[in-house]
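The structures considered in this document are given below.
In the two complexes that follow, chain A is the common piece, with chain B as its partner first and chain C second.
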Partner chain A sequence: MTGIAESIMSPSDWAMMPVALPLLGAALSLLAKAFIKKGPWASLFEYLGAFVGLALPWLALAVLAPLVLSGGSVQAIIGSWSPLVGISFRFDGLTWLVDMLGFSVAGMAWLYSVGAGPKGPAFTTIYLIQASALAATAATTDLFNLFVCLEVLGMASYVLVTSSEKPGAFLAAFSYLMVSAAAMVFFLLGVYGLYRLTGTLSYSSIAAALALLPDGGGYTAVVSLACISAAVALRVAVMPLYGWLPDAHALAPHAVSAVLSGVLIKTPLFALSRFLLAMPGGGMAGQLFGYAGAITALGGVIIALSQKDAKRLLAYHSISQIGYVVSAWGAGVSALSRGEAVGYALLSAAFLHAFYHALFKGLLFLTVGTATDAAAERDVYVLRGAGAILKKSGERLPFTLLSFAVGALSISALPPFNGFVSKAALSYVLKGRWEYIFLFIAGIGTTASFIKLAGIFAPPKRGAGIAAASSLPGYTAKKTVMTAQAVLALACVASGLAGPWFYRFVGRLLSGGHYSIGVLRLYDLDSLLKTGGIVLAGYVLYKLALTGIGKRIAARIRERPRGFHGLFAAFSLGLGGLTLWISFFRFQ
Partner chain B sequence: MIDRIIVGLIFLVGLWGLIGKRNLIKKVFGLSIINAAVVILFIMEGGKAGSSAPILEPGVRDIVDPVPQALMLTAIVIGVCVTALALAMAYRLYKATGSFDIDEVRERLDDGHR
Partner chain C sequence: MNAQAKRAPVAAAVLSILVAAAILWPLVAFDGPWPRELGAYLESRGLEESGARNLVSAIYLGYRAYDTLGETIVLLVAVSGAIGMIAAAGTTLAIDYSYPAKDGAVDGGEAEKPIRRKAKKNRTDLIEVVTGKLGPVVLLFGFYVMLFGHVSPGGGFQGGVVVASGIVFLALGSKGKPGGGLSSASTLAKLEAAGFAALIAGGFLGLASGTGFFAPPLAGTSPLGFIIALNTVIGLKVGAGIGFLCVAMLGEADYD
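Let's turn to the complex of A and B:
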C-alpha cells in the first residue's frame, strides 16, 4: 500500500493532507453556503466537504503510519521556501497521535450534529476550518506559525460556541475571545523577545542560537518563554487559567462541546511540548505545569461535584481531567529535558489519558446532551427518568442510556473500560510523587460526581421530578445521533480492552522507537482493590454531598463570584508565577 | 529610548480599556490598541537595521529584515478578524439584553435563566 501511496504523492505531501483536506472540505461546504444555499445540492456539497475533511485524512494517517512507526518523520518547509523565511513543520509520531485523537472525536461529533444540530453548510465550514487548524497546530515547529494556528483555532471555536444561539453563549464566547486574544498579544511579545535575541522563528534554530549567547538569552529569553507558555496554558485551561471554559463548554451545542472538551484543550498542550523540549528552561516550565495540573485535577472535581447544570458539571470535569493529563505531561517534559528516558513513559501516559478522555468525554457530552434535549431540562437535581423520556421519543432500545453508562464507567475508571487503563498508567508512572495523592483523591470525587449525574436516568420519585408521561417536547430520536454515540461507546470499550497494547504503541510512536514501555499490569488484586476502594469512597462522598451541610457547601462553591476581571487577574497571576518560577531555577 | 516608552504607554492605555472599562465596545477598543502597540513595537525594532524596502531586485542593498513586516501583516489581519467577531458578539449581546455594560449584561442574562 505504501508503494502505491508514494507513487501518488511524496511523504511530505501526504504529511500535509491532514491540514489540507479539511480546508478543501471547508471550501466545498462554503461553496454550498455561498451559491446554492438550500436544497439537496447544498446538502450534497456540505456532506461531500465533511467526507473530504473528516474521513479522508484517515487515509493519510494510514499511509503515514508505517513511516512514523519505524521512528521516521517528515520534516519540510511549506512551499519549499528557503529555511530562513519558510515555515517549517514536522510530521512525526506525536503529530500522528494528536491528529488521530482529533479526527476520531471530530468525525463522530459532526455526525451527531447532523441529527441534533447545529445544521447547515456555514456550521460545517467553520467546523472543518477548526479541524484543519487542529492538525496544523499539531505539526508546527515554527513559533509564528503556532501563533497563527492558535488564532485560527480560537476564532473557529468562538464562532462554534455561539452557534447554539443562546444569549449566554454569546457572553461566554465574548469573554473567551477577549481573554484569549489578550493572551495572544503576550504570545506575540514572547515571539518578539525571541526573534530579537536570535533572528529566527523555528524552534530548533531558536534553541541553537540561544545556546550561543553567553547567558543563554538572560531575562529576555525567560520572560518570552513565560509569555508563550502562559498564553498556551490559557487554551489548555490549567488552573488558575480555567475561568473561561465552564460557560463556553456548557453553553455550546453538544457536538461542539464534545470537540472543545475532547480535542481543543489538548492539542495546544502537545504542540507546546515540542517548544518546551527545544528551549532552555522549558523543563522548569513543564514542571510548574505539572504541579498546576495536579492541583487542577483536584480543584476541578471539587467544583464539578457542586454543580447542578448537567453540562456545566461535565465542563468542570474536563478541567479536572485535563489536570490529570497535564500533571503527567509536565513531569514528562521535565524528565525529558534532563535527558531521562522515563519521560517518554510519562508523556505516553499523558497522551493515553488525553485520547481516552477525548473518547469518553465526547461520548458523555453527546449522551447527556441527548437526554437533556429530550427532557428539555438540564438540572441534575430535577431531571429524572431520562431513559423513559427517550423511549417515548422513539428510541426503541436504550442506546443512549447504555452509551452514557459506558462513558460514566470509563471516567470513573472502572475495569475494563478505557479510563481504567489510562488512570492505571498514570498512577504507575506517577507513583511516589505528591501529585499521585491529589489524583487519587480526585478519582474519588469523580466517582461521586458521576453517581450524582447518573441520577438523571434514575426512575422519578412519586410527585417529584419531571413526569415522563406529561408534555413531551417535540424531540425525536435520530439515527445519526445514535450512531455517533454507539461508535464512541464501542471505541471506549475496545480501547479499554486493547489498553496495554495501545499504551506501548503510544510509547513507541512518541519516543521514535527508542524507548519501550514495560507491561502494564491491570487486573492484579492490588489495583482491583484500589478501584473498589475508590468506588466505595465515592459513594460515601456522594451521600455526604447530599446532606444539609454538603448542599450548603456546594451552593457556596457554585455561587462564588465569577466575573470578567477574574479571567485577566488569573492570567496575570499565571504569567507572573511562571516568570518567577523559571527565573528562580535558571539564575539561582 | 523615548520611542519604547511611548509604545509601552500605548500598551498600558489599551490594557486599561480592556480591563478597566465596563462597556463592551470600549473593551474591544482596548484589545485593538494593545494589538496595535505590539505591531508598532515589531515594526519599530525590526526597521532599525537597514534602510531600503526588502524588494529583492538587482542593485537593491542594505535592506531591512522582511520577516517582522511579514509577521505583522499577518498579525494585523488576525487582529481585524478578532475585532470584527468581538463587535458582532457585542451587538448580539446588546440585542439580547439592551445593554453594553458587562455587569448589567451578565445580570440580565442570569435573570433570564432563572
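Let's turn to the complex of A and C:
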C-alpha cells in the first residue's frame, strides 16, 4: 500500500494532506453556500466537502502510519524554499497522534451537528477551516506560522461559538476574542524578540542561533519565551488563564463544545512542546506549567462541583481534566529537556489522557446536549427524568442514556472504561510527586460531580423537576445524533480495553521508537481498591455538597465575582510569574 | 455597584499595564546587533528566486505564501462571523438567554419581533452622484494596486481593500436601488467563494505539478506568474469579503 501511495504523492505531500484536504472541503462547502444556497444540491456539496475534509485525512494518516511507527518523520520546507526564509514543518509521531485526536472528535461532532445543528454550508465551511488549522498547528515548526495557525484556530472558534445564536454566546465569544487577541499581541512580541536576536523563525535555527549568543540571548530571550508560552497557556486554559473558557464552551452549540473541549485546548499544548524542547529555558517553563496543571486539576473540579448549568459544569471539568494533562506534560517536557528518557513516559501519559478525554468529554457534551435540548432545561438541580423525555421524543432504546453513562464512568475513571486507563497511566508516572496528591483529590471531586450530573437521568421526585409527562414538542431523536454518540461511546470502551497496548503505541510514536514503556498493571488489587475508595469518597462528597452548608459554599463559589478585567489581570500576572520563574532558574 | 466593585477594574488595568511594561522593557531596550543574514540573502537572491521586484510581495506570496493563506482565511472567517452577527442582531439579541418559558407562559419573549436595522436614509443627491461617479475610478485604482503588487508597493490585501471601498461607493451611489450589479450581496458572496476556491486550487496546483502544496507550480520556471495570480485572487477575495461586510452594514444585504 505504501508503494501505491508513494506513486501518487511523495511523503512530504501526504504529510500536508491533513491540512490541505479540510481546506479543499471548506472551499467546496463555501461554493455550495454562495452558488446554490439551499436545496439538496447545496447539501450534497456540503456533505462532499465534509467527507473530503474530515474522512479523507484518515487516508493520509494511514499512509503515513508505517513511516512514523518506524521512528521516521517528514521534515520539509513548504514550497521548497531556502530554510533561511521558508516555513518548515515536521510530520512525526506527535503530529500523527494529535491529528488522530483531532479528526476522531471533529468527524463525530460534525455528524452530530447534521442532526442537532447548527446546519448549513456556512457552518461546515468554518468548521472545516478549524479542522485544517488544528492539523497545521500540530505540524508547524516555524514560530510565525504557529502564530498564524493559532489566529486561524482562534478566529474559527469565536465564530463557531456564536453560531449557537444564544445571546450569551456573543458576549462569550467577544471576551474569548478580546483576551486571546491581547495574548496574541504578547505572542507576537515574543516572536519579535527572538527574531531580533536570531534573525530566523524556525525552532531549530532559533535554538542554534541563541546558542551562539552571549548568555543565550539573556533577558530578551527569556521574556520572549515567556510571552509565547503564556499566550499558548491561555489557549490551553491553564489556571490562572482559564476565565474565558466556561462561557465559551457552555454557550457554544453542542457539537462545537465537543470539539473546543475535546481538541482545541490540547492541540496548542502539544504544539508548544516542540518549541519548548528546542529552547533554552523551555524545560523550566514546562515545569511551571506542570505545577499550574496540578492546581488547575483541583481548582477546576472544585468550581465544577458548584455549578448548576449542565454544560457549564462540563466546561469546568474540561479545565480540570486539561490540568491532569498539563501536569504530566509539563513534567515530561522538563525531564526531556534535561535529557531524561522518562520524559517520554510522562508525555505519553499526558497524550493518552488528552486523547481519552477528547473521546469521553466529546461524548459527554453531545449526550448532555441531547438531553438538555429534549427537556429544554439545563439546570442540573431541576432537570429530572431526561431518559423518559428522550423516549417520548422518539428514542426507542435508551441510547443517549447509555452513551452518557459510558462517558460519566470514563471520566470518573472506573474500569474498564478509557479514563481508568489514562488516569492509571498518570498515577504511574507521577507517583511520588506532590502533583499526584492533587490529582488524586481531584479524582474524588470528579466522581462526586458526575454523580450529581447523572441526576438529570434520575426519575423525577414527587412534584419536583419536570414531569416526564409534560409535552415538549419540537425535539425529535435523530439518527445522526444517535450514531455520533454511539461511535464515541464504543470508542471509549474499546480504547479502555486496548488501553495498555495503546499506551505503549503512543510511547513508541512519541519517542520515535527510542523508549519502551513498561507494562501498565491495571487490574491488580491495589488499583481496584483505590478506585473503590475514590468512588466511595466521591459519594460522600456528593452527599456533603447537598447539605445546607455544602449548598451555601457552592453558591459562594458559583457566584464569585468574575469580570472582563479579571481575564487581563490574570494574564499579566501569569506572564509575570512565568518570566520571573524562568529568569530565576536561568540566571541564578 | 459599590465602591469596591468600581475600583476593581481600575486596579486590574493598572496592574496589567505595570506588569506588561516591566516585562516588555528588555524587549524594547535591547540594542544588540541586528542579524544580517536573511537581509543579505533576500537582497542577493530575492529577485532572482521569486521574480518579484517588490521584495515584500516575494516574501508574503513566495517564500511564505502558506502564512498568507492563513491570514486570508482569518479574514474570510472574520467577515463571515461578522455577517452572521449582523444578520442575528435584532433577532436573537433581544431575547433572554434562558430557554423559552414552558407550559405556554409568555415571558415577553413571544411579542419580541425581530428588529432589522435599516441604515438611515439621510443621503443627498450630492453624495449619490459623487460616489456613483467615483466608484468605477476607485475600482480601477484597486485593480491597479492589486495587479502591480509585485513591482510596486501594494498587492492583494491593499488592492482588495481599495476595491471594497469602490464597491461601497457604488452601493452608496445606487440611487436607493439596492442590490444592483457588483454591489449586490449575492454577487459579492459568489465572488468571495470563487476567490477562496481559486486560492485553494492554486495550492493544489503545486501538488499536481509535483512541487508541493502551496509551492509555485512548474519547477524551474519563474514563480512570478504564481505571485501575480495569488495577488489577483487574494485581492478579489478580500475586496468581495470586505465589500460584502460593508454592504451588509449599510443594511442592503439579504444575508443569504
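Convention: the second predicted complex is superposed on the first by the 588 of 588 C-alpha atoms of A that agree within 3 Å, B and C clash if a C-alpha of one lies under 4 Å from a C-alpha of the other, contacts with A are read in each partner's own complex, and residues count from 1 in each chain.
What we mean here is this: a contact is a pair of C-beta atoms (placed from the backbone, for glycine too) under 8 Å apart; a residue touches a chain by one contact, two chains touch by 3 or more.
Since the model is a prediction, treat every value here as computed from it, not as a measurement.
Participant: Between chain B (first) and chain C (second), which does A:459 come into contact with in this model arrangement: first, second, both, or neither?
Facilitator: A:459 sits against neither chain B nor chain C.
Participant: One more residue to check, A:168. First (chain B), second (chain C), both or neither?
Facilitator: In the superposition, A:168 contacts both chain B and chain C.
Participant: Kindly classify A:394 by the partners it touches after superposition: chain B alone (first), chain C alone (second), both, or neither?
Facilitator: Neither partner.
Participant: Looking at A:83, would you say it contacts chain B, chain C, both, or neither? Reply first, second, both or neither.
Facilitator: neither
Participant: Quick check for you: in the superposed arrangement, does A:518 touch first (chain B), second (chain C), both or neither?
Facilitator: A:518 contacts neither chain B nor chain C.
Participant: Would you mind checking which one, chain B or chain C, touches more residues on chain A?
Facilitator: Residues of chain A touched, chain B against chain C: more for C.
Participant: Which partner chains sit in contact with A:188 here, chain B, chain C, both or neither? Use first/second/both/neither.
Facilitator: Only chain B; A:188 stays clear of chain C.
Participant: Quick check on the superposed pair: does A:66 touch chain B, chain C, both, or neither? Answer first, second, both or neither.
Facilitator: neither
Participant: After superposition on the shared chain, which partner residues are touched by A:178: those of chain B (first), chain C (second), both, or neither?
Facilitator: first
Participant: Could you list which residues of chain A make contact with chain B in one structure and with chain C in the other?
Facilitator: 85, 144, 148, 151, 155, 158-159, 162, 167-168, 170, 189, 192, 196, 199, 563-565, 568
Participant: Please name which positions on chain C make contact with chain A in the complex.
Facilitator: 5, 8-9, 11-13, 15-16, 19-20, 22-24, 26-27, 30, 32, 34-39, 41-42, 45, 49, 59, 62-67, 70-71, 73-74, 76-78, 80-81, 84-85, 88, 92-93, 95-97, 99-100, 102-103, 186, 189-190, 192-194, 196-197, 200-201, 203-204, 206-207, 211-216, 256
Participant: Quick check on the complex: what are the chain B residues that touch chain A?
Facilitator: 18-19, 24, 27, 31, 34-35, 38, 41-42, 45, 65-68, 70-71, 74-75, 78, 81-82, 85-86, 89-90, 92-93, 96-97, 102-103, 105-106, 109, 112-113
Participant: Which stretch or stretches of chain A touch chain C in the complex?
Facilitator: Against chain C, chain A makes touches at 9-10, 12-13, 16, 19-20, 23-24, 26-28, 30-31, 33-35, 37, 76, 78-82, 84-87, 122, 125-126, 129, 133, 136, 144-145, 148-149, 151-152, 155-156, 158-159, 162-163, 165-168, 170, 186, 189, 192-193, 196-200, 209, 213, 218-220, 222-224, 226-227, 376-378, 466, 470, 472, 561, 563-566, 568-569, 571-573, 575-576, 579.
Participant: Contact residues on chain A for chain B in the complex?
Facilitator: Against chain B, the touching part of chain A is residues 85, 144, 147-148, 151, 155, 158-159, 162, 167-168, 170-171, 173-174, 177-178, 181-182, 185, 188-189, 191-192, 195-196, 199, 201, 563-565, 568.
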